[in-house]
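Below are two complexes that have chain A in common, paired first with chain B and then with chain C.
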Partner chain A sequence: MAADPLAGNPSAITRIVSVLADHQDDIRTGAHQVASAVEEASDWSGASKDRFSTTIGTLTQAAARIIARLDAAIDVLGSYADDVQQIQDEAERIRSAQVAISLDTVANTMAIGSARSAAADRGATEADARMVGRLQSEADDLAAAAQRLDAQWEALVERRTAADRAAAAGLSDTDVLGVSASTAGALAAMGDAAFRAAIAAMPPEVLASQRGAVAGRLAAMSPQTVQAWWDGLGGRGTAGEHAAAQDALITALPAVIGNLNGVPYWARDQANRLSAQRAYAQAEDAVVKAQLDLRNAVGRPAEAAAQRKLAQAQQRAGALENFTAGARTPLNLRQQMPRQMVSFQPSDPPLGAFAVGDLDTAASISYLVPGMGSSLADTTQYMRTASNVQAYQQNLGASPTAMVTWLGYEPPPRAESGDLSVLGEDHAVRGAQNFAADLLGLRAVRPDVPINVVAHSYGSTMASVALVVQPEIRVRSFVTLGSAGIPAIVPDAAATHAEHMYAAQADERGNVAWLGRTFSFPHRADPTQDFGATVIDTTGAATVDLHNLSAEPGSGEHGYLDVGTKTLSATASVTLP
Partner chain B sequence: MQPADSKREASVFLHETMQQAPLSWPEVPEPVATRCSAGAHGVRFQYLVHVEHSVDAAELARTFEDYWKARGLEVAPSEEDLGSRYGTVYSATARSATGPWGAIEVSQTGINLYVDSACATGDVAGYE
Partner chain C sequence: MADLSVSWSALEAVHDALSRAMSTFDGARLPSDRGAFGAGDVEQAFATFRTAQRRSTAWLTDTSRTLAQYAKDTRSLLERADSDLAGKAGGM
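Now for the complex of A and B:
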């Protein structure tokens, strides 16, 4: 279709240029402010500042690239606005001239008609004949002028077509987009090696724009493949020393990198902290919106529905607040240890895992797997409980095991809620897939490190399924505390493929674990009864008398990992490096 | 009880316990807050002080146990043999109907001394 030289509004294009220039100023100011914040925080040091500085370093570079791309877009649009304005001015001149010629032609035609009549009259003079000739000559001139104007119009149409094409091409250029449209579209068609090379070369803002095409593809790769690819970007790296491409991937695709088995844990930590902070901010916004909706609700049914939504929003925000607090909550340790956000899924409910210890270097890694009713809302409580194991080991003069508080599955709710799914295996089977995947991911990057699993209540039900179906995990010590029962698919301790299995069952108030096993369907076994596990004594300076991992201090009761229990000392002993 | 009062009481108990053994005790670190029941919300403070030692672990453990008993606390001792590498670890808990609680883990080379304050009004989230 031919372009219309009069189409478009150059003023509107100029306004877009102005808006883009304003965006540039905002980005420039924002990047300067965050960079200044790092410099001004002179009393802030340590790993968290290193992580922040690394992220900011990536961000300021990305900001500079975006500003440059906006510059390119502004140039293209500015030239286009000028071209369109000139073409329209010229088009109006041609159209005016064409109108004038049309009017002159009409007048000329009428004059020729009159002159010819006069020349044909008996009394016609020679002057009448000359008039006809002159008018005919004028008619020829007018026709020639009209043809010239038509030709100019056609040229103008061509010029406008060229200007439109130049603008479209300019705005599609890599200087503006950062990646060619053909490259973006071709990612899906690339082979795995070419795909990995392509995304490693992309800056973060471009990677972020390709998130949909990249996420699923990376997640489908084996941990070994991911590990080789990541190492190819600049070695395993550390939080303080790594490749720019690794920074770009962490910043642009935190939800992908944070949970990508095969990526080192320092990188997953950085990515997951970004994702979790973002999810927490969104959850807080959702609470504010739910509060507003409740205020505006009219009628009891609407109020009740709004109240439910508010409660759900608050529960989610509370869970995410506690999970993010895991990065800073004080722990009673002789020597503090690094922390890593090992995984994070902003699902409903949100899931995740937090480590106290460096999973990239720890001499031993132990997973604490809670049972029914657990959620991210209790992350810090479980981390404090897990730290009892590490404090015990530090007091021996030993290097403590890294403890991962693993809340990566949706456990059944507490039976008191009326939901009795704790008696079934569905939650265990689904959770086992997540747990096995995480353990296999760890095994891929740490092939020789001792891995231990300390599983409580229904966590032992779930964990045992994961261990029986994935023998290559190679767990060293599998400890069950107050087990809700081991499914029939795991007939004995040997079936877990763990080097050693240990089991503790206390005389619990309310017989919680016993009830869970006795009324389970299909029936689940007590691992302390003829199962092949070494039975752990539950007495001690503090005798375990509660189903929980930790009792409320001062309550007179004791959970399985409370200070003074033999279950704590045994767990600490069998998870030592 | 207000958090400051709860911490002060626990801190006094902790220092008096530390004085029972002439060791190179470090500065007492800030306590860790945990949840407890005191109305809608409650917070309890747990102190942990660690110190190295080179004396008889069993005797050291008995020193603390005897002191706590003398103060009227209900003391429960225990020991765990961790084999030739780490030897025996002696543990004890000391309960009181009111006031702070204590616990020790005495290994062949170090002591973990825990003191839990009484439950105070407050929310543990404010300390995380």
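Now for the complex of A and C:
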């Protein structure tokens, strides 16, 4: 379609330029505030400061690049506004001239008609004939002028087309976008190698701007492919020392990198902490909004609905607060160990896993898989319970296993809620897909490390399904504590492909696990009864008498992983590196 | 290990400066074209540029927030470690 020289509003384009300049000023102000933070940090040194300095360095550089891109865009749009203004001025001149010529032509046509009548009259003179000739000559001149104006208009259409093309090209330039438009548009169609090379070269803020095209593509790669690609960016790296391209990926695509199997766990940890912090901040904002909505709600139904939304928002914020607190919650260890946020999904409900130990280097890795009713709101409690296993190993003088508190599936709610889905297998089947994927991801980057699974209650139901369908996970010890039953798809211990299976079943107050197994449908087996698992004694000086993994301190009761129980010592023994 | 030197007030000042930066980045507004160009290809290119800018600025916001939180967490951990050490020293 031909361009319209009169289309658009140069004043409005100039206003856009002005707002972009304001935006640029804001970025500049923010960059100065970041620089002042750097100055304030001069009294701070150490490993934590080094990590801080690395990231804040990328921030100031990115701000400078964004300011430069805005400069380029402002230049493009400023020139475009001038061009459009000139073209419109010229267009109006041509249109005015065309109108004048049209009027003159009408007048001339009428005059010619009159002159011809006069010239045809009997009393016509030579002057009448000359008048016809003169008017005809004027008509020719008017036609020629009209043609010239048409040609000028056509030229102006061309000029406007060229101005539009130049503006569009300018706004699509690498100087403006930070990446060539052809690269950005072709990311989805690139071959794997070209795609990986393209994103490795992008600075973080550009990667963030392209995340829609990048995220799904990366997530679909095999762990082996991801591992090779990541290592090609500058080696495996460590939390303290790694390549700038790796840092860019972590900060720009935390939700992707944090859960990307094949990426080292130090990088996943950093990415997931970013994601979880953001999710927590958003959840807090949602609570504030829900409180405001409740205050503004009019009428009982609206108040009730607002109250429900507030409760949901508070529940989510509470879960995320507890999960992020896993980084600093006190544990029961004799010697402290590093912690890693292994995975995080800001879904509803949010899911994640937190490790105590370094999964990139640990001599053995054990997963604690909780059962019904568990959520990220319980993260710190489960981490403390898991640390009992590690503390026991430390007391033996051994280097402890890394313990992953795995809350990566949505378990059934507690039966007391009235929801009896704990008796079915749906949650187990869905959760097993997540669990198997995470274990396979670990196996891809740590092919020889011993992996153990310590599963409680419905967690054992879910974990057994994961282990039976994915034999390549190769678990060393599979421990079930108060199992809610093993589905029929897992006929015996050997079917789990674990080197050893252990099972403990206490005489629990309320017979919680027994009820879960007895009323399960389809029926699920008790792994302590003729299943091929080594049965762990639950009695002794500290007899397990609760279904929980840990009892309230001072209650006199004992959960499966409480200090003093044989289930704790046995679990610690079979998960030793 | 790097030399360790930590100042409570420095971490507080770092947190405050980065929180201000976060608010500044977050408040930075981008214009809409609202038909100003009168040309489809320019509108399309501007929309792409605007989206890229918005996401890049959001990255600045997120990263500032993360660093501010990092400074705050470091300060909290420092306080807790100090209390723990004081507790242990008391039991000597």
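Throughout what follows, the second predicted complex is superposed on the first by the 430 of 577 C-alpha atoms of A that agree within 3 Å, B and C clash if a C-alpha of one lies under 4 Å from a C-alpha of the other, contacts with A are read in each partner's own complex, and residues count from 1 in each chain.
Just so it is clear, contacts are C-beta pairs under 8 Å (C-beta built on N, C-alpha and C of every residue); 3 or more make two chains touch, one makes a residue touch a chain.
These numbers come from a predicted model, not from an experiment.
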Touched partner set for A:Gln224, first chain B, second chain C, both or neither: neither
Superposition-derived comparison: chain B or chain C, residues of chain A touched: C
Touching partner for A:Asp50 - first (chain B), second (chain C), both, neither: second
Touched partner set for A:Ser417, first chain B, second chain C, both or neither: neither
Contacts of A:Ala7 with chain B and chain C, given as first, second, both or neither: second
Chain B versus chain C as contact partner of A:Arg328, first or second or both or neither: both
Contacts of A:Gly564 with chain B and chain C, given as first, second, both or neither: first
Which superposed partner A:Ala73 touches (first chain B, second chain C, both, neither): second
Partner chain(s) touched by A:Ala168 [first = chain B, second = chain C, both, neither]: second
Chain C-contacting residues of chain A that also contact chain B: 328
Chain C residues touching chain A - in the complex, by the definition given at the top: 1-7, 9-11, 13-14, 17-18, 20-22, 24-25, 27-31, 33-39, 41-42, 44-46, 48-49, 51-53, 55-60, 62-67, 69-71, 73-74, 76-77, 80
Residue ranges of chain A touching chain C (in the complex, touch as defined): 3-4, 7-9, 12-13, 15-16, 19-20, 22-23, 26-27, 29-31, 33-34, 36-37, 40-52, 55-56, 58-59, 62-63, 66, 69-70, 73, 80, 84, 160, 164-165, 167-172, 176-178, 181, 184, 204-206, 208-211, 251-252, 273-274, 277-278, 281, 327-328
Complex contacts: residues of chain A adjacent to chain B: 321-322, 325, 328-334, 380-381, 384, 391-392, 394-398, 539-543, 552-556, 563-564, 566, 569-570, 573
Touch list for chain B against partner chain A, complex: 30, 32-37, 44, 46-48, 50, 76-78, 80, 82, 86, 89, 91-93, 95, 101, 103, 105, 107-112, 114, 116, 118-119, 125, 127-128
